[in-house]
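Note that chain A is present in both complexes that follow, paired respectively with chain B and with chain C.
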Partner chain A sequence: MHVSVAAEQIFSVFGIPVSNTMLTAWVAIFLLAISSYFATRHMRKIPSGIQNFYEWAIESLLGLMEGFMGDRKQTLKIFPLAATFFFFILVSNWMGLLPGFGSIGLFEEGNLIPFFRSATADLNTTLAFAMISVIIIQISGVMALGFFHYGKKFINFSSPINFFVGLLELISEFAKIISFSFRLFGSVFAGEVLLTIITGLVPYVVPLPFLGLELFFGGIQALVFVLLTVVFIKIATTEMAH
Partner chain B sequence: MEALKNFGVNWPFFIAQLVNFAILFFLLKRFLYKPILDMLEKRRIEIEEGLAHAKKMGEDAKKFDAEHAELFQKAKKEAQAIVENAVHSGEKIRDGIMKDATAKSQEMTDAALLRIEEEKRKMLGEVKSEVFGLASSLAEKILREKMDSAHDKKFIEGLMNEK
Partner chain C sequence: MELKFVGIGLAIGLASIAAGLGIGKIVTQAIESTGRNPEAHGKIFNMMILGAALTEALAIYALVLSFMMLK
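Take a look at the complex of A and B:
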């Protein structure tokens, strides 16, 4: 059994390498875009079917975020970003549980190169998400407090203690990138490895509870990523107590 | 950076995922968040308006009910007054008519009595003269046999005047 931490390149288009996680990311984007297109193509005042489902999802997510932000206007401003994180991560996580993921592919040098691998089981993806999240957090801070006021949080010469605290703050911002990306990647990747191993040991029935658990963790991870982003934005946009 | 490479981070893939995210962001914003958030807001406003409308309708209905009851009471009072008035004036008219009728009948009775009296007197007069005539002619017939005319005449005249 071969487990690859890295996503594998499966082919290249015009010299651009395409990995199996990029392929599934496109599938996820396609599914989300198509379903939302059909959900909102004919908006009805009394919703039904997929429109109802998306309305429920968006309203719940918005309510949850508003609980953290405490301000509806600010919540609506960051909602598109946070919700995109949520849907993308959720769909990617759950797609990784579909049959065929990690099991259909080509053998190269004796190792299976799967065609599909969950987009979030690739550090490239989660690192990209983490970068976007942390950059948005900084931008929100600057926009809410002003460049110099926000910058004072990190570079502060008013006293040695404040200088040292600012240094720690700066480090913690970079640590956020690492923690965001590795938390998500580690959880999803470990889940997939676990499922592969369990399925390899006992192919029938036994993997089912683990599948259920992974379904649950997939949802939790998506929620954690979104809520952490929201909370960090809330902290960055709040005036520091002196 | 070496450590990241061990985890499979390579920049073309990383940038591709950034682009993927950006594409999904704009797609979902256009096709999902905007229409649904707009619809939620629209529905919220509509519900608010509906509730306000219902409240106003309820208040209006209450006010209308109160007005209705007041009007009803007033109408009832008025109707009672009208009926009382009508009864009153009816009684008056009845009394008037009765009085008139009694007076008229009295008058008529009086006239009738008067006429009867007159008739009676007239008839009595006629009867009297007829009886006198009859009696005198009868007496003449009887007396012609026994008395001379001159004497008789005197006697009869005396009798006549005596009466």
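Take a look at the complex of A and C:
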């Protein structure tokens, strides 16, 4: 069995390589865009059908985030970004469990190059998310406290101890990028490998509980990514305690 | 060549032991505090998920590393 950590290139458009994870990311974006268009096309005061479902999803996510943030106004400010993260990651994670993902493809040099692969099972995607998230955290910190006040958290010459604490804070900001991206990537990728191995060992019935487990983990990982972003923004925007 | 696989096994195995102990501790405390204060169930559950995710990430780093070493 061949396990590829990197996403495989399937074709190229005008010299730009297109990997299978990119293709799936576009499919996920398309699905989300179409379903939100239909959900908001005829908005009604008493919702029904898909609008009802969307309202329920948005409302429960908002309630959850408000519980962490503690302030509705601040929550509403970052909600569009966080909710986009959540829905895209959730759809990408769950798309990887559909039949055909990782199993339909072409053989090249004896290895299967699948046409579809979950977008979050690619370190590039998760790294991009992590960098967006960390940059937003810094921007919201600067916006809430002011540039110099926020920068004092990292570069502080008032005493040697504060200087080294600041250095540690600076390193931990970069560690956030790594931890965000590796957590999501590792969890989704490991899930796909686990399913492949289990299906290879016992093709019938036995993979079923593992599929359920992956469904659960896909949701949890999407939630964790968003909640950590919210919590870090909360930490960045509150005044430092002295 | 064979030693490489021992290293991979040790990396993921040790990380799993540590993460397992950590998550066990987190969930124990969460259940204990839910037992003491059942009304705070929702809040404690969210905190537990967050803490478990942070701890689990350590095992996932080792997992990603071992996959990369496997190549």
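Just so we're on the same page, the second predicted complex is superposed on the first by the 242 of 242 C-alpha atoms of A that agree within 3 Å, B and C clash if a C-alpha of one lies under 4 Å from a C-alpha of the other, contacts with A are read in each partner's own complex, and residues count from 1 in each chain.
Keep this in mind: contacts are C-beta pairs under 8 Å (C-beta built on N, C-alpha and C of every residue); 3 or more make two chains touch, one makes a residue touch a chain.
From a predicted model like this one, the values you see are computed outputs, not experimental measurements.
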Given the alignment on chain A, is it a clash or a fit between chain B and chain C?
fit
With both complexes overlaid on chain A, does A:Gly67 touch chain B (first), chain C (second), both or neither?
second
Most chain A residues touched (candidates chain B, chain C):
B
Between chain B and chain C, whom does A:Tyr54 touch in the aligned arrangement: first, second, both, or neither?
first
Determine, under the contact definition given at the top, whether A:Val193 touches first (chain B), second (chain C), both, or neither.
second
First (chain B), second (chain C), both or neither: which does A:Phe86 touch?
neither
Between chain B (first) and chain C (second), which, if any, makes contact with A:Ser179: first, second, both or neither?
second
For A:Val5, select first, second, both or neither according to whether it touches chain B, chain C, the two together, or no partner.
both
Pick one for A:Phe101: touches chain B only (first), chain C only (second), both, or neither.
neither
After the two structures are laid over each other on chain A, how near do the C-alpha atoms of chain B and chain C get, in Å?
7
Touching both chain B and chain C, residues of chain A:
5, 185
In their shared complex, at which residues does chain A touch chain B?
4-7, 16-19, 21-22, 25-26, 28-29, 32-33, 36-37, 39-40, 43, 45, 47, 51, 54-55, 58-59, 62, 76, 79-81, 83-84, 87-88, 119, 122-125, 127-129, 131-132, 185
Any idea which chain A residues touch chain C in the complex?
3, 5, 64, 67-68, 179, 182-183, 185-187, 189-190, 193, 220-221, 223-224, 227-228, 231
Could you please specify the touching residues of chain B with respect to chain A in the complex?
4, 6-10, 12-18, 20-21, 23-25, 27-29, 31-33, 35-37, 39-40, 42-43, 46
Under the definition above, what is the set of chain C residues touching chain A in their complex?
42-43, 46, 49-50, 53-54, 56-57, 60-61, 63-64, 67-68, 70-71
